[in-house]
Amino acid sequence: MGFPWLTTLGAVPLIGSVMATLPRDSRVARRVALASALVAVVVLALAATRFRVGGPGFQLAERHSWIPQLGISYSLGLDGIGLTLVVLTVVLTPAVIAAGQAGRGYFALVLLLEAITIGVFAATDVFLFYVLFEVMLIPMYFLIGRYGGPRRAAAAMKFLLYSLFGGLLMLAAVIALGVRAGTSDLPALVEAVRQGTLRLDPVTGRVLFAGFFLAFAIKAPLWPLHSWLPGAVAESTPGGAVLLVAVLDKAGTFGMLRYCLPLFPEASRFFTPLVVVLSVIGIVYGALVAVGQAEITRLIAYTSLSHFGFITLGVFAMTTQSQAGAAFYMLSHGLSAAALFLLAGFLIKRHGSSRIADYGGVQRVAPVLAGTFLFAGLATLALPGLSGFVAEFLVLVGAFTTHPAAAVIAAGGVVLAAVYVLWLYQRTMTGHARPWTAEVRDLGAGERWAVAPLLALILVLGLYPKPVLDVIEPVVATTAQQGGISGGERP
Amino acid sequence: MLVVFAAGVLGVLVTTFAPREARHRGQLTWVIAGLAAALGCLVFVAVRGECTVTAAGSIVVDGPALFLQGAALVLAILAVLLIAGRGTEPPPPESLPLTMFAVGGLLLLPAANDLLTMFVAVEVLSLPLYLLCGLARVRATVAHEASLKYFVLGGFSAAFFVYGAAMVYGFAGSVAFPGIRAAVASGAHRPLLLIGMALLAVGLLFKIGAAPFHSWVPDVYQGAPTAVTGLLAAVTKIGAFGAFLRLFTVAFGGAERDWRPVLTGVAVLTMVLGVVIAVAQQDVKRMLGYSAVAHAGFMLLGVVAASRSGIAGTLFYLTVYGCGTLGAFALVTLVHDSGGETTRLASWAGLGRRSPVAAGIFAVLLLGLAGIPLTGGFVGKFAVFSAVLAGGGFAVVIVAALASAVAVFFYARVIVLMFFHEPRPDGAVIIRPGARVAVVIAVAGLVTVGAGVAPGPLLGLAGQAASFLR
Amino acid sequence: MNPANYLCLSAVLFGLGAAGVLLRRNVIVVLMCVELMLNAANLAFVVFSRMHGRLDGQVFAFFTMVVAAAEVVVGLAIVMAAFRDRRSSSIDDANLLKH
Amino acid sequence: MNPWLPIVVLGALAAGFATVSVVAGRFLGPHRTSGPGLDPYECGVQPGRSRPRRFPIRFYVTAMLFILLDVDIVFLYPWAVNSRAFGVFGLVEMGLFMVPVLVAYAYVWRRGGLEWD
Amino acid sequence: MTAAQLLARDPWWLVAGKAVAIFVLLLLITMFCVVYERKVVAFMQMRVGPDRVGPWGTLQSLADALKLALKEDITPKAADRVVFVLAPMIAGACAFLSMAVIPFGPEVTVFGHTTALQLTDLPVGVLFVLAAASTGVYGIVLAGWSSGSAYPLLGGLRSAAQVISYEIAMALSFVGVFLVAGSMSTSDIVQAQQRLWFGVLLAPSLLSYLVAMVGETNRAPFDLPEAEGELVGGFHTEYSSLKFATFMLAEYINMVTVSALASTLFLGGWRAPWPISLWDGANRGGWPALWLLGKVLLLLFVFIWLRGTLPRLRYDQFMALGWKGLIPFSLGWIVVVAVVKTLWGQDAGFVGAGAVVL
């Protein structure tokens, strides 16, 4: 079993979270928080050295009995996808902390969220996963409701209710699954499904699948369950939005890939057409609505809806290519959306308005801000050479083999992406300067340091995605094999 | 076993003398000592692990009885601390002895092995509570009214219980549970049995506060002094469910097919009604009252599951719920505005800004009641739901899950008010709690979190305790 | 000595009591109706006790009477307290606790 | 023969007598009733008040105390009759039973429940 | 053969005859009693008393009854008519009932039929007396309430409060008797006094019973319901004519009843008192009824004596005497009796112990 790397990784931000509440001065708190987030990065780096690329199953596994009466254990482990998303989480958190300027409670909550999210991605027990998946809501709820914009309370409530609604359905499914199988250990369950020892009749399987899927689809969010997202994003702080969209929502798509497909292969096949259609609608709808938005944050939120459509399409296109693409997409979108939100946040902070019409001509006075904003935007529209391109390409190619029509329409979404990103840039950064624009400061050192790693990663992954894909692919291949998916060729 | 009762009753007696001769403090010491001694005896009996039937067959000492008695004693200690620590002035001197009488009945209730003992225990539990509800120095009129309502409806339900007992006696020729069980197995005179069962159920459902017999709950919860409400909420549930479990699994176990659908319906109705009406409440205590109704529905699910795991789940749920709700009411006692204790939700706005720690604990307790993971409430729900699912009630669990989702709404609304709204100038503040109340709140918070993070021991205890001696 | 007659009587009494509790407005009357219900149950107990030729039914009736007495005492105490507040013992006047 | 039957006979006799005498009073006596004669009896006070509909509430206290002790007695009787059979056990039981009753009694006394005006 | 067994074989005519006999007896005693009372009080006050109607005024009560019957029967405007009429009927009828269980003597032969000189013998005879007395309270309360006037209402309530208060003391004083006799049947209790009257053995019980008896019947010095100075005429202020007479009748019959009960429970019942009991035939045949009558008359004299001697108590004094005096006293005495009886166990030993305690 060895050193409990994952527990340590989760414990570091947890301790940091407690410590961040101690100092009276919020700037000290921020430093404490940043330090612990960076420690987490170091721990992750050390842990990653123990990770054997292409190794079987879950690595760095830990396992302790938790609630023996219900056959529930505290077990953690990472496969390729999990590792990728943990990396995303751990990397984004310092950026968020570095960019944030709020009370000490804020930093504590961010770190708490980081800890829980790590747990979500590392959990290998269905019950544990469920618990963390739900608990994740609480700090996020407070992040939005406490530190957000004027209508934050309503937005937070909507977010919480949507998520809990799905979560409780999932709870019913989790319990039913546990009752049927007598265990909630993920590897054991998957093995049982593969061996055929856990045989669910189609109806039960589909109902349970629906229970899980709804929760994930709300979290992801999948059209038409997305209506909480724009409000939550718009009303939350930039940092909160980053964590929400870039990390938290990945739990949804991650869950689909990790739980829905291997546990309910038959039901997954049954629901595939529906999900694919919804994904495509989401892609187009998100993009179209994004074009029409008047607020920066809402616009970015709707772009994310579109992107999540790509991810679910990739997951449910049922080819190894598309699924690998989807997994890569999660990472890539996490980075680009985070960068975009942070930069938009910097901009909004300077003027206090998030209306697009209030801006214009920023690039003259704040070239670095404008440049990085453009860079992040281009990553979002999947410019070749940036990480988004690799992901989108893989998804579309994979999807084309099984659902050509869907792939073609989705490709239309790419075009729309270009429209909204560039138009946004044009309306805010170029053109006539508004009277106040002259006073806009360019990015400060701290702000630069917050975004720089993200942009660098986007670039690196766009040019040389192989290491990540190497990590992801074995998992996807296994999933495909378990789910009995007719494998496409390797990219 | 008798030792437990002797200790309990002795404690009661001693305290009855105390209000006159000794002062408040002495009385409190006696009460706590009595309860602790009873708890000690209980642990001793439990550790020896004997299950016996005593007192000429009218009292049975088995797992559920011991478990519930233990839970009841712990909660009683907390409730006594809360009642004693209320406000700046000491409570009316009768409060504590009355509490002890109620606790005496409560101890007897889950151990009752015939209808007569059960009935007497129910009454011994209820009568002091009726009075306690009316014992208020401030807002006495409202308290009296609550007391009156509680009494009238409580008496009404008791009449149902007795008439049901008469019918069952007519059916079985015995009021002892083993006798009834045997008669159910032989199965003549079914109509009498059904009528009797229905009436008994009505009587107990009243006490539990299940729909459609819940109408007293919000009124009484709101009107009674808050500390007493805490006791009421925590304790009546334990007692009534203890009785309910034993009655329906031991005595009427053979007629499961008859009562199960009906009780399932009641449980579903209770949950749905409770959460839906709770959403509309503007008063914290009323809101908690309706939430208590909803919780009664969830716990009933455990009864309906009619299995060992269902019983275990209910036992666990009861304990955790009792602690959580007691803590919540303890905190409500601390929220004051210029006119004293205030329970109007509107004046709670911004409490989280003014006193983050207390409001934070309140939030934790509320989340526990809402059943958010990593709290005891969640594990309780989980345990009950899994028992029901194991019995094949998928649809019921879905309804229950949806009801929980709605329930989160009104709990979260309070949190929204406390944390996300700016404090009003004339709004409420949380006063500094006395040591006793602080202990209550701390214990409640610890149990809520502890039972969520590490539910193993308690769940194990409940699981071990979950088999009735038949 | 047909037990059915007595049982019918007891059921009628119980029904009357229940109806009284639900329909009457005066608390004292309601209290009396509750007592009526309890006594209906007592009658049923005694009848069944004779039918089965066992004594425990009568014992139960005995205890019911005791409890009924205790209930009356508690009830009167509460009614008195409430009465002192508002000089009325009508249930309809008790409406402070509606929202 | 049922031992209660004679009581019924005697009761019927008594009730009949009471009825007859009450009814007879109506026919035997003269009827010269004037208005003031039918008013409530008062001495020196103008009968202006409406008739009291309810009992003064403090009498309920007496009623409650009566019920409590009566119930106590109800338990004492069977034991007293059969005390020989119960022996020492019965005595101790009854003592235990009496303790709460006495405590309650003492309580009422101390709280002024036994003061009348 | 026990009294109960004997009585169970009574033919219907015998039952009817006994009932009528008791009924008539009670009426006669009442009529006698009125004169008796007036005469005795008069002599105590150095007066002559009624002396116009009949020889030495002996028919005075008959004249009173006739006079009342011919008075106007008023039902006040404010009265609740039905209850107003019902109340005296309840009071009157209930008063008669208690006598049903009083044993007047042992076995007798009436027209060739062997029976006991007793209307009926219930295993719970004494309880029946208590129940009948309690029911009589309804007559008082309802009379007070239905009159529709303040004085009768208060008088009725006081009276009811008084009766039920003293009923507790009375009931407690019975416990000692039950403990010793081991039965609640009146005939058994008389049987148990063969060797020694309970009035001697359980003197404290007798004492508290006597006090309670006077309170229970609303007689002086406890006749507060009729406190003229305060409440005009008590619960029967508004009653007139034969309704009023019925209340008076009930009061006197109650006096007779409680006296008969006292004789039965404490004074050996129909057993002949000491000097006469030396004569073998004293406890056979019809004689015992005479002894009982004598004891009753003696007790009635006590009633009258008290009335002639003592001033009326104040209400609070009176209630305090009942609640704070008699009840604790009775309870304490019960404890003594119970402990002694249980420890000694046997009657012989108990008699000695009782004497020691005394």
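Here the chain labels run A, B, C, D and E in written order, and each chain numbers its own residues starting at 1.
What we mean here is this: contacts are C-beta pairs under 8 Å (C-beta built on N, C-alpha and C of every residue); 3 or more make two chains touch, one makes a residue touch a chain.
What you are looking at is a predicted structure, and each value in this text was computed from that prediction instead of being measured.
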Quiz item: Both subunit B and subunit D are touched by which chains?
Solution: C
Self-check item: Chain pair bearing the highest count of C-beta contacts
Solution: D-E
Quiz item: Most central chain by CA mean?
Solution: B
Practice problem: Farthest from subunit E by Cα centre, which chain is it? Let me know. | Solution: A
Quiz item: When the centre of a chain is set as the mean of its C-alpha atoms, what distance in Å lies between subunit B and subunit E?
Solution: 53
Exercise. Averaging only over C-alpha atoms, locate the centres of subunit A and subunit B and give their separation in whole Å.
Key: 42
Quiz item: Whole-Å distance, subunit D centre to subunit E centre, using C-alpha means?
Solution: 15
Exercise. Measure off the straight-line distance from the CA centroid of subunit A to the CA centroid of subunit C, and report it in whole Å.
Key: 64
Quiz item: So which bits of subunit D are touching at least two other chains?
Solution: 63, 70
Quiz item: Which subunit C residues sit where two or more other chains touch them?
Solution: 70, 77, 79
Exercise. Could you pull out which subunit E residues touch subunit D in their complex?
Key: 4, 7-10, 15-16, 18-20, 22-23, 68-78, 85, 88-89, 92-97, 99-101, 119-122, 127-128, 145, 147-154, 157, 160-161, 164-165, 167-168, 171-172, 174-176, 178-179, 182-184, 232-233, 237-238, 241-243, 245-246, 315-316, 319-320, 323-324, 327-328, 331, 334-335, 338-339, 341-342, 345
Quiz item: For subunit B, which residues are in contact with subunit A within the complex?
Solution: 312, 356, 367, 372-374, 378-379, 381-383, 385-386, 389-390, 394, 397-398, 400-402, 404-405, 408-409, 412-413, 415-416, 419-421, 454-456, 459-460, 463
Quiz prompt | subunit C-touching residues of subunit D, taken from the complex the two chains share | solution = 54, 57, 60-61, 63-64, 67-68, 70-71, 74-75
Quiz item: For the complex, which residues does subunit A have touching subunit B?
Solution: 65-70, 105, 130-132, 134-135, 137-138, 141-142, 145-146, 152-153, 156-157, 160-161, 164-165, 167-169, 171-172, 175-176, 178-179, 207
Quiz prompt | Complex interface listing, subunit B residues touching subunit C | solution = 115-116, 119-120, 123, 127, 130-131, 134, 140-142, 144-149, 151-152, 155-156, 158-160, 162-163, 165-167, 169-170, 173-175, 218-219, 222-223, 282-283, 286
